[in-house]
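Some structures are shown below for you to check.
The same subunit A turns up in both complexes below, where it pairs with subunit B and then with subunit C.
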Partner chain A sequence: MLDIIIGLLMLLSAFASLHSKDLLKSGVFFVVFGFMSGLLWIRLSAPDIAMVEIILGSAITSILIFKLSRGVRDIAIKPKLWRRLWAGAGSLVLFVFLTFYLFTVREEERVGGLVFEKLSLSGVESPVTAVLLNFRGYDTLLEVGVITLAVIGILALEPKRKIYEWNDIVVWRFSKIFLPIIALFSLYITYLGAFSVGGAFQGGSLLAGGLAFLSLSGQKLPIRENPTLFLAMLSLAVFVAFAFAYALVGHGFLTYPLELSTLSIMLIEISICISTGMLLYIAIRGRL
Partner chain B sequence: MKELYYLLSFLLISMSTYYFITALNFVKRLIAVNILGSGVFLFFVATARNTPSENPDPVPHALVLTGIVVAVSATALAVSLLLHLSKQKEEE
Partner chain C sequence: MKEFILFLLGLNLALGFVRIFRGPSVVDSMLASLLLGTGGTSLILALYKFTGQAFLLNLALGFALLAGVVGVAFAIIMLRDAD
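Let's turn to the complex of A and B:
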C-alpha cells in the first residue's frame, strides 16, 4: 500500500516536473521526484542506493539544473503537432513493447547466490561492497575514470565562470561549523561499508553534499588549486597502483591476495570517498 | 505486487521519452534524461528483488550505484557544455 502511494507520488512529480512551463517549478518537482525514488529504494530493500540517490540524484542534480536554468534563456516555442504525434506514438509503442516483458518475468535465482557463496573470499562482509570493489572491480575502476574524465571536460570548458551562489553569510557560517562533522561522518560511512550499509560512493556523495553546501554560500575551500586537483585525481591513481602492484607480484590485475584484501579494499575505498567528494565539488563549481 | 514496480519503471521510461522528444528547452531535456535514468534504475532494482531467496541480488545494486554516480557526472558535464553554448550564442 505504502509502495503504491510512493509510486503514484513519484509518477505525479515526474509528470509535473516534465510538464510544467516554469523551469523553477520543474526543478522543485525534480527534487520531490528524487526524494520519492529514494524512499522507494528503501522499500525495495536497497538502502545503499537510497543514500546515493537522495544526495546525488535529488540534491546535487537539482543544484546543477537550477544553475543551468538561470544560465540559459527560456525557449517558449510550442512543439509542432507532427512532432508531438510521432513522439507520442513512439513512446506508446515503447511502453507496449516493455509491458510484454511482464508476461515473461518470473522469480528465479540470479547471480546473487554466487556472490553470497563466495563472500568469505572477498575480504569484506557487505555483499554490495564485495561486488563493487572485488568481484567487479573493473566496473568501479572505469567508473572512477569516467567521473574524472567528466571533470577534466568541465575544467577544459570554462575555468573562469561565475557560479550559482547565494553569497549568504548564514549559509557560510553554518557550513563552516558542519563541514568538519560531515567530512568525519562520510569517512565513517566509508569505513562502515566493509560490514553493512555504506561504502565509498555513499561516503563520497555525503562529502560532496557538504562541499556543495559550502560552494552555495559563495565561499571556497581554503585549499590551493593544485592540492584540490591532486585530491580529485587521487582515487584513480591509488586504484591503478593497487591493480598494477598485485599484477606485478603475480596475482593478476585487480585480484587481491586473500590476507591483504580487506586492507587494500579499505585504502581504495577511502581514496574513492575523498576523490568523489572533490570531483563533484569541482563539477558543481565549474572550476577549481 | 512485484509487477507494479516494473510497470512504474516502464511508465517513467516512456513518459520521459515523450517529453525528451517534444521539449525544446535544454533544462527540460536534461530533466527528462535524468528521469529516464531513474526509470531504468528502478527496473534493475525491481529485478534484484525478484528472487526466491531472502536477500536481494547485490549485483544489480552495485550496477545501479555505479550508474547514479555516472549519471550525475554526465549531468554536470552537460550543464557545463550547455552554459558554454548559450554564452557563445549571446556573444554572437
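Let's turn to the complex of A and C:
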C-alpha cells in the first residue's frame, strides 16, 4: 500500500516537474521527485542508491536548479515535438530491453554473487565500495575526471554570468554553527563507506550542502583561490598518483596490493569526499 | 499496527502532495514540499523502528541537515525577486 502511494507520487511529480510552466515550480517538483524515488529505493532495499538519490538528487541538485532558474527564465526551453517523440521512443526501447533481460538472465550469470565471492580480496567490507573503488576503479577514476571537467567548464563561463551577492547576517551566523556539524557528519559517512552504507560521493555532497549554505549567505571560505582549486583537483591527483605508483611498482594500473588496499582505498575516499564538496561548492557559487 | 502507521504516513505524503500541486503560489508549493520532507523523514524513522536497519538513521539525519539548506536557497531566490 505504502509502495503504491510512493510510486504514484513519484510518477506524478516527475510529470509535473516536466510540464509545469514556471521553472521554479519545476524545481519544487524536482525536490519531491528525488525524495520520493529515494524512499522507493529504500523500499526496494537498495540503500546506497537511496542515499545518493536523497542527498544528491533531491537536495544538492535542487539548490543548483533554484540558483540557475533565474538566469534562464525568459528563454524558451520547450523542446520540439519530434525531439520529445525521439526521446520517448528511445526510453521505451531501453525499458523493453531491460525488462526482457531481467526476466531471462540466469542466476549464475549475475555479477552480485561474483562480488560477494571476491569481497575478501578488496580490502573493504562494503560490496558497493569494493566495486566502486577496487573492482571497477577505472570507471570511478573517469567519473572523477568528468565532474572535474564539468566544473572547469563552469569556471570558464564565469565572466558571462551575473553573480548575485546577497549578504545576510542571520544566514551567515547560522551557517558558521552549521558547517562544522555537516563537515563532521560528511567525514563520518565517508568513513562508513568502507563498512556499510555510505561512501565518498555521498559524504562529499553533504559537505557541499554545508558549503552551499555558507555561499548562500554571501560569504566564502576563508581560503584563497589557488588552494580552493587545489582542493578541488585533489581527488583526481591522488587517484592518478595511486594508479601510476602501483603500475610502476609492478602491480598494474589501479591494482592495489592486498595488504595496502584498505589504506589506499580510504585515502582515495577521503580525497574524493573533499574534492566533491569543493567542486559542488564551486559549481553552486559559480566562481572560485 | 505497523501497516496502519506506514499507511498513515503515506497518506500524509499524498495529502501534502495535493497542496504542492494546487498551491496558488510557488511559495505555498515550496512550504508544502518542506512539510513533505518532514513527513518523509518520519517515514524513514518509522521504517528504521520496524526493520532495524541502522543506515536509515544516517539517511534521515543527512536529509534533515540538507532540507533546511534547500529551503534557505529557495527563500533567497524569492527575496532577490522582490528587490
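Everything below uses one rule, namely that the second predicted complex is superposed on the first by the 243 of 288 C-alpha atoms of A that agree within 3 Å, B and C clash if a C-alpha of one lies under 4 Å from a C-alpha of the other, contacts with A are read in each partner's own complex, and residues count from 1 in each chain.
We take it that contacts are C-beta pairs under 8 Å (C-beta built on N, C-alpha and C of every residue); 3 or more make two chains touch, one makes a residue touch a chain.
Given the structure is predicted, the values throughout are model-derived calculations rather than measurements.
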item	value
If touched residues of subunit A are counted for subunit B and for subunit C, the larger one	B
Contacts of A:G250 with subunit B and subunit C, given as first, second, both or neither	neither
Which superposed partner A:F35 touches (first subunit B, second subunit C, both, neither)	second
First, second, both or neither for A:A59, with subunit B first and subunit C second	second
Contacts of A:S69 with subunit B and subunit C, given as first, second, both or neither	both
Contacts of A:V105 with subunit B and subunit C, given as first, second, both or neither	first
First (subunit B), second (subunit C), both or neither touched by A:L192	second
Touching partner for A:P222 - first (subunit B), second (subunit C), both, neither	neither
On subunit A, the residue positions that both subunit B and subunit C contact, one per complex	27, 60, 67, 69
Contact set on subunit A toward subunit C in their complex	1-2, 5-6, 8-9, 12-13, 16, 22, 24-25, 27-29, 31-32, 35-36, 38-39, 42, 47, 50-51, 54-55, 58-60, 62-63, 66-67, 69-70, 164, 166, 168, 171, 178, 181-182, 185, 189, 192, 196-198, 202, 206, 209-210, 212-213, 216
Of all residues in subunit B, those that touch subunit A in their complex	1, 3-8, 10-19, 21-28, 30-32, 34-35, 38, 41-42, 45-53, 55-59, 61-66, 68-77, 79-84, 86-87
Sites on subunit C touched by subunit A in the complex	3, 6-7, 9-11, 13-14, 17, 20-21, 26, 29-30, 33, 36-37, 40, 43-44, 47, 53-56, 58-59, 61-63, 65-67, 69-70, 72-74, 76-77, 79-81
Subunit A - residues contacting subunit B, complex	3-4, 7, 10-11, 14-15, 17-19, 23, 26-27, 30, 33-34, 37, 40-41, 44-46, 48-49, 52-53, 56-57, 60-61, 64-65, 67-69, 71-75, 77, 79, 83-84, 86-88, 90-92, 94-95, 98-99, 101-102, 105-113, 115-116, 127-128, 130-132, 136, 139-140, 143, 146-147, 150-151, 153-154, 157-158, 161, 199, 201, 205, 276, 279-280, 283-284, 286
